[in-house]
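Below: one structure, written as structure tokens.
Order of writing sets the labels: A, B and C. Residues in every chain begin at 1.
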């Protein structure tokens, strides 16, 4: 097992390293360069050349990459060309927002999908199951930005229940903080609900056919007790795996919601940095997003190898 | 909905586990599986076929020009003259949806088909071969999956103008291939050590023959059922690109472009039909594709189990 | 602009003044082709402010003639006579009621800035508004477009306008408690001079010295009529030495003399300031705290105002402006009635050096095929009106009949047929724009109109930096553009001149070369005679209609909208008691806003 894990870790480090190279190259291949954003359109060719030199962008790409990556290893992600803010500072602002969005949206998704899936699995193919299953397709079919705009119109503009934009950090109190992330979290949760419902329902139906459930039933335990105490835990592996994958990609995948609600998370800042060719910010954010994705899925994989021997083969 | 990148990987897990558990959607009525694909399958199939035919023959149907702007009929609701109403530029929504579905269905089917071809074949090879082939391809697929899709798409689109159907299809195929690779690799792994494969090998069958005659037919059902979900996911992802203004070049309609138009610029409160119709279209076709995929999988899983 | 020059206190003003701007053009204050931009950069999201900022660049230069004498005579007796209609008391956003002290406000702006260093950061509409909160500029612009003293008590030239003495107000303290002295201003100047961004702009100043604690003496090689107005722009904001010397985080921590002090700045999230209790203007500011929230999407900003998340917002989207205008629970100020100076115009910029738009017939066809009435009806939502001229309706510089082709589809078709043969049988126009949802609709309408006339149109929404490089480098055929906001037409010289129309980087994006146009622009910038100047710009208007580098359709509006309780958000009073130009091009000052109790 430990050999398996260490082999995986080596593989993951290789993957992250490779991603850092690809991210670096892609950013540098973008048309235009940061001088346009820094100097404006009517700078002189001379000022541009000087600035490129000052920023170290006149050196060959491999040298630039080496400078960047060796600084990264020393814990220095660099400074934004535009805001002169350190990249680690920018990530420090963005990361907690994504983290909270992800945690709240996933809790919401679980709160809705687990009871739905339990009820549906209890009587598969009956009316409730069919309605729930079809409506989860509906959730998959409506794009996030439609959900977000409808929520804002109803709950922020019509009745002033929630703020329409912005993020209130936890420091301003739990109430305002939760209020500011609730609408974006609901928008993000909608897609997750559909997936989690389907995962849990499938596993649950299978579990409920197992012998130990029949035994429990024979013992006269209540249905609710059996569902929650006996069936839920062994049925939640797929749910966990699905959650791991969703969460990993939400670090950049939440950009639509972040733009609509003006939440300066990783996805939002990545888009802005790409637009202004703020190379170091893009590279730093891309690296962090990739590491988050890889780490979360590595965690899920390891968890699975422990919990479910079936996965070890694959 | 599923945002860029998040959907396919998670759905892969859904399929993995649903396949493993042998449990399908509510439509799986025991006893029905032996007697063909069932009514639900055929209704779904008929709907999808109808949509595909509409898209193919859109230009010969008695539809209005999807790009014709009638400024005297801006934002009007459904009527006899405009069955689904018009948008904020006075364009007929029915013909925009049908012409738009053409783009969306091509992006959906062609990108997934391409991804299936590339990712699927590599998955088959990696799953059967194992060792270094598997290690390298597996790592490569993880790189693509973990790479921030947003960055890749923005950079590619900044380069590759104007944005055509072909380019979007290729971008989506590249994004989808790793997921398909992983599904098919995992499924192939589970067959690679089965008796019939071992038997074929001992009888001196070539790798080529084992891959295509022994493994492929067994792997295909899972691959197709997963691919059909991929089609739906791709159609929705196109909407996310439209939100950034990065979908197919305007004024060409696509379902994503239309939904996006319906939500931006306060259009949702001015004329909610613009966003409603394409969302409904995606919903129905998603349900139909899923029902078909589930029926196919249960049907072929049963056969696979009998082998 | 030169008219007030004649009344200037300096007896020699008449002499050098008329020729000066041309000299400056060579020297590089703003007018030099590729030099001098003070406030310019690629805004992250908003092409609109980006281009606008380009136009404000040369502000120092163009305002000169108007402003200098007013400032020199200190009492401000002379002014050009025209004034802005929106900034009079009695209109929304301006209150003469007794202000209530205290309270706080949240303001939605359209983008965030990149820092608070005048020498390194880009003060766009948002940036200048932020700067107005924490800093003070040495001079300020009044509602009649004249230049007035602000942090400077006076600005006085020598006889030939080569040496300017700025007398600072005494007893002004920075937020860190340090006093405003001549040396601080000198150090500010040195930072500007050393910067790649602003170095060009201050290039004409050859020497700066101090005399005593409160006098700064600027020496120029040549007469610099623009000097006082130039102190009202980005380079005129004075920051404390502690910020200037803070090389690591100075750009994030403004220390100024302004009405408010920074509390915190989180890029893309918020910028919060609190009352400066030691503000040199007694009794100001009224509010305790101001929080600016950059909200990129106009639709989200409107939702935020409606939901009470913000109290005041800036908008540049006619649809949003119209929505809020028709809602009685909000008060709104727009710049649409402003006729002094020059607003932003919405138009299509045509590259006159590239196939097929290098053909005048094709450009004429495009002009005839563009139904501006319809575009404005669809997207102006009753807020904007058709404006097919460089100058707005009501401007003195607008020719009575500029000869701009009126919409005529038949004529357009005929011209297309005529020109098609020269361009391989058909005419294809690739039209580019940024990825903005409103713009997406506008270019679709235009594309459809041009196709009606028999042309083939391809639309391309591209991301901002690529869009701007394409314009600057001339890699486009037709581009949906917005430009020309300026207090004086001469500010737009760099965008229109034949001298900036060639080379790998050209500010005259259309690359339109026309000797008659160039002559008129030169005449406009150098004429001392008001009538001659009017005639010159009317000629410019007519020449643009003949050359057709731009397909006009309307004026691009800016608005500021507040909830009922926000008072006096567009009518601050300057230290000398005159009404300031309260809201222009998205810029305003929070110092005199108060909240109804």
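Going forward, a contact is a pair of C-beta atoms (placed from the backbone, for glycine too) under 8 Å apart; a residue touches a chain by one contact, two chains touch by 3 or more.
Predicted, not measured: the structure shown is a model, and the values here were computed from it.
A comparison of the A-B and B-C interfaces places the larger number of contacting C-beta pairs at A-B.
Centroid distances built from C-alpha atoms place C farthest away from chain A. Centre-to-centre, using mean CA coordinates, chain A is 40 Å away from chain C.
Measuring from the averaged C-alpha position of chain A to that of chain B gives a distance of 22 Å. Chain geometry summary: the mean Cα position of chain B and that of chain C are 48 Å apart.
Contact with two or more other chains is made by residues 154, 158, 244, 260 of chain B. Contacts with at least two other chains are made by residues 299, 463, 466 of chain C.
Shared interface positions of chain A, i.e. residues touching 2 or more other chains, are given as 31, 149, 153, 274.
Those residues of chain B that touch chain C in the complex are listed here as 67-69, 71, 74, 88-89, 154, 157-158, 161-163, 244-246, 249-251, 260-261, 264-266.
Looking at the complex, you find that chain B touches chain A at residues 1-7, 9-14, 16-18, 20-29, 135, 139, 142-143, 145-152, 154-155, 158-159, 186, 189-190, 232, 236, 239-240, 243-244, 256, 259-260, 262-263, 268-269, 275, 279, 282-283, 286-287, 290. Within the complex formed with chain B, the chain A residues making contact are 11-12, 14-16, 18-19, 22-23, 26-27, 29-31, 124-125, 129-130, 133-134, 137-147, 149-150, 153, 188, 190-191, 195, 198-199, 202-203, 205-206, 237-238, 241-242, 245-246, 248-256, 267, 270-271, 274, 282, 285-286, 289-290, 293-294, 297, 310, 313-314. On chain C, the positions that touch chain A within their shared complex are 33-37, 40-42, 44-45, 53-54, 57, 108, 114-115, 120, 122, 196-197, 199-200, 249, 251-252, 266-270, 293-297, 299-301, 303-304, 306-310, 463-466, 468-469, 471-472, 494, 504-505, 507.
Chain C contributes residues 299, 302, 317, 319-320, 323, 374, 377-378, 430, 434-438, 440-441, 443-445, 447-448, 458-463, 466 to its touches with chain B in the complex.
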